[in-house]
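Given below, in the form of structure tokens, are the structures.
Look at the two complexes coming up: chain A is in both, with chain B in one and chain C in the other.
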Partner chain A sequence: MDVETVTERAGPREFSPKDDMPEEYRKAATRMIQFHANSEIMGAYLERPFIRQAPSLDRKLAFSAKVQDEIGHGQLLYRAAESLGIKTREEMLRELEEGKGKFLNCFHYPMDSYVETPMIAFFVDGAAMRRQATLKSTSWEPYAHAMDKVCFEEGFHVKHGEDILRELMTGSRKEQEMTQEAFDEWWPRIIQFFGPTDEQSTHHGFAAEVGLKQMSNDQLRNAFLNAYIPKARKYGLEIPDYPRIEKRDDGTYEVREDDLDWDEFFKIAKNDYEPGVGQIDGRKAAQDAVEWVRDVLDDYEQTARGQPAAAD
Partner chain B sequence: MIWEVFRQEEAGDYHTHCGNVHAPDREMALLFAEIQHGRRKPTHSLWVAPKDEIGEVDEETANFGGTTDKSYRWAMTYQNIDAAAEEVADSEAEQAEADRRRRGD
Partner chain C sequence: MATTDADLGSPGDLDEGEREAVEHLLYRLADDEFVLAERYTEWQVRAPTLESDLSLSNIAQDELGHARLWYDLLEDFGYSESDLVWERPPGEWRHATLSEVPFAEGDWADAVLRSYLYDVAEGIRLSALEESSYARIRDRVPKIRGEEGFHRDHAEGWLERLATDSGGLDRLQSALDRLFPHALALFAPTDPEIEDRIDDLGLRTASLSEMRGEWRSEVEPFLSELGLTVPDADRHTPHGRGGDHTGDWDDLHDDFTHTYRELGRTEARRIMVDPDEAES
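Moving on to the complex of A and B:
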């Protein structure tokens, strides 16, 4: 199939591994799904310490369930990406540990305090869910199928995150202040979740034309702000003055792009931002520590198939 | 030899199990599947797989979902929270439906 045919036929769940897709499509889809998979993994690592640090047994259990879910999402997505025939799962995991794999800006920042957890678990998961709900209609069928399962599970993540926010904002004065501080710090990053505005986004055009992406950055950000600004206010959070966000007459929002730190954003996008580098290395260390488990499984797979382990 | 058959109704749907056929090889299994399972029911694609190649675990031997209370895993548990957005509400509805069917009512 050539790109022209792909563009003509592009629709929800239109293409599957049976179709002979042009390299341009397969590369664009791989870039997008690999980024998504990497983000699931890096997000899980960011939240993992809170399985221990969460203040109650219920919260610890919920964090452990959520972290398991996120790692599972990563697995599903690497499978969907692998089905495009550009990179194997091993290659993608290696790229992630070598600092070549790209992932979401929000997961490059350290998260040290429990009051920060709703910034990820409510706002970032909420933003991710907004995007993922639209990706149920992506043109690459294995990706859409992964989104069915991911979206099924995510409702728990977002509500659990919101419940923590509610608890903190109805807690002591000190808790409320600390939560507001965390919000002030995270809010611009959360706005940047959707990337630069459409005119500046480099990959949007093609991905939209071939049906991989269903909505533009601006549309997604708008829908997110519409739902989540009222929620933040409901719990008594004050929306920071910067970035300036103005509501247009048609109810949509205009974010003043200049108020956001795009140098930092693009530094992060290149995996050059210091805390993020530490997180990539931290994950690599965890990965290396259980290398022997994967080796044992690989050897066993070889022998179980009736081939001696050293055959290749 | 028995081949299990999976039918996909429309492009983009899941292939779901719909029965099996006797056939000496994969090619004939596909042909028989086409005749038996693809004729009347709407079909976009069929898969066949040798029955012996399919592994199974059932509720006799496994405790699906575990034996302990894992209500913290479900969106419905967070009752005092109204879904922030449509997609969160949809997810919760899917979970509630799955939970209902899992419990068998």
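Moving on to the complex of A and C:
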């Protein structure tokens, strides 16, 4: 199939491994799905300390289950990416370790206190949900199929994040103040989640034309702000003065781009931002430490081929 | 040992001595599960493969769930979750040291061997509770047993795979040498007099030394078959059951209570259904 035919046929769940897709499509889809899968893994990496530091048994269980879900999403998404025939899962995980794999800007920041957890679990996951819901009708069928499960579980994660936020904002004055401080710090990053408004994205045009992407960054950010500004206020959070956000007459929002730190954003996009680099390297060190187990498994599977020996 | 057909009735029916025995037994059970789960979760996002990450997460959550079931029975006596977990001083915890010692980075051999040593003991311990004279304990055994079977299969499968490799076998041997004395701590008494009372009241139908014998006769041939040498070692001191622990426990306790203290919390939020309501 040539790109012209792909563009003509592009529609929800239109293409699958049965179709002979042009390389340009397969590369663009791999880039998108790999980014998504990497983000699941690095998000899990960021949240894992709070399994231990959650302040109740039920919360601990919920954090453990959430982190486990993210790893499960990574597993599903790498599989969907592999189905394009460009890279294997091992190659993608290797790229993530080597600092070549890209992932969401918010997961490059450190998370030190429990009061920060709803910034990810409510706001960032809420923002991600907006994007993911549209991806149920992406043109690469395995990706859309993975999104069915991912979106279902993300719904629980956002509820978990919202419940923690509600608990903190109805807690002691100290808890409320700490949470507001965390919100002030995270809010600009959350806005940047959707990328710059006047982005001259080299990838967006093609991805939209072949039906991989369904909505522009601007549309998604707008939908997010419409829903989440009222939610933040409902829980007693004050929206920081910067970046300035103005409501247009048609109800949409205009974010003053100059109020955001784009140097930092692009540094992050290149995996050059210091806390993020530490997080990438930290994960790499943990993975290097268990390399020996994967080697044993590989040998075992080669000698014991034919026997059912699922490595789980 | 004396077992009795007498049923001890409900929590309110217990006299002081009976209640003390029940509490000791429950702390043994709950603390082992909670602390081991705490250690297992260290493997989340750090396991060798995405698949093994998911499996170990499941096991950690199962153990946490079991801890929750046992702590819930202590709540029958008026304790809150804060009393039992978040505000209990580290020197009053009664888990065996097997649960608390840390994993060295990348030491997956330790993770699967520890799970095996624990799960065999757990199976034996649950058998001895099936006919407990205390219905609240007896009734919770079947649900927990069902999950422990999966844990054990998981551990055995991994041990068999790692043992096929000479490097893997070396790592397993070094983990066994280190863990075996801590595993023997599983059968140590919290207080010898109270452990006798637990047996006399029929709360448990096998004594600690009977269970230890059964455990040894099960794990030793299996480990030898894998090519491992079971060390001729004594129980670790301290063993944990009496409240005395290794220095690693203080660090772990400090870490998991961090947020509770940082936020100045006085109670633990429940979001899940109470185990008694979930059953009915």
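Just so it is clear, the second predicted complex is superposed on the first by the 303 of 312 C-alpha atoms of A that agree within 3 Å, B and C clash if a C-alpha of one lies under 4 Å from a C-alpha of the other, contacts with A are read in each partner's own complex, and residues count from 1 in each chain.
Criterion: a residue touches a chain if its C-beta (ideal position, glycine included) is under 8 Å from a C-beta of that chain, and two chains touch if they have at least 3 such contacts.
Just so you know, these numbers come straight off a predicted model, no measurement behind them.
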item	value
Fit or clash - chain C, chain B, common chain A	fit
Chain B versus chain C as contact partner of A:Asp218, first or second or both or neither	neither
Which superposed partner A:Tyr228 touches (first chain B, second chain C, both, neither)	first
First (chain B), second (chain C), both or neither touched by A:Val293	second
Partner chain in contact with A:Glu40 - chain B first, chain C second, else both or neither	neither
Touched partner set for A:Arg283, first chain B, second chain C, both or neither	second
Arrangement angle, chain B at one end, chain C at the other, chain A at the vertex (C-alpha, nearest 10°)	70
Most chain A residues touched (candidates chain B, chain C)	C
Partner chain in contact with A:Ala54 - chain B first, chain C second, else both or neither	second
Contacts of A:Glu82 with chain B and chain C, given as first, second, both or neither	neither
Partner chain(s) touched by A:Asp163 [first = chain B, second = chain C, both, neither]	both
First (chain B), second (chain C), both or neither touched by A:Glu116	neither
Minimum C-alpha spacing, chains overlaid - chain B and chain C, in Å	5
Contact residues of chain A, present in both the chain B and the chain C interface	58, 61-62, 65, 163
Touching residues (chain side chain A, partner chain B) in the complex	12-14, 16, 18, 58, 61-62, 65, 122, 126, 129-130, 132-133, 141, 144-145, 151-156, 158-160, 162-163, 166, 223-224, 227-228, 231
Chain A partner contacts - residues on chain C that touch it in the complex	38, 41-42, 44-55, 57-58, 60-61, 64-65, 67-68, 71, 81, 85-86, 105-106, 108, 154, 161-162, 164-165, 167-168, 171, 255-256, 258-260, 262-265, 268-272
Chain A-touching residues of chain B, taken from the complex the two chains share	11-14, 45, 70, 72-75, 77-78, 80-81, 83-92, 94-95, 98
Parts of chain A lying in touch with chain C, wherever the complex brings them together	41, 44-45, 48, 50-62, 64-65, 67-68, 71-72, 74-75, 78, 113-115, 163, 167, 171-172, 174-175, 178, 283, 285-290, 292-297, 299-300, 303-304, 309-312
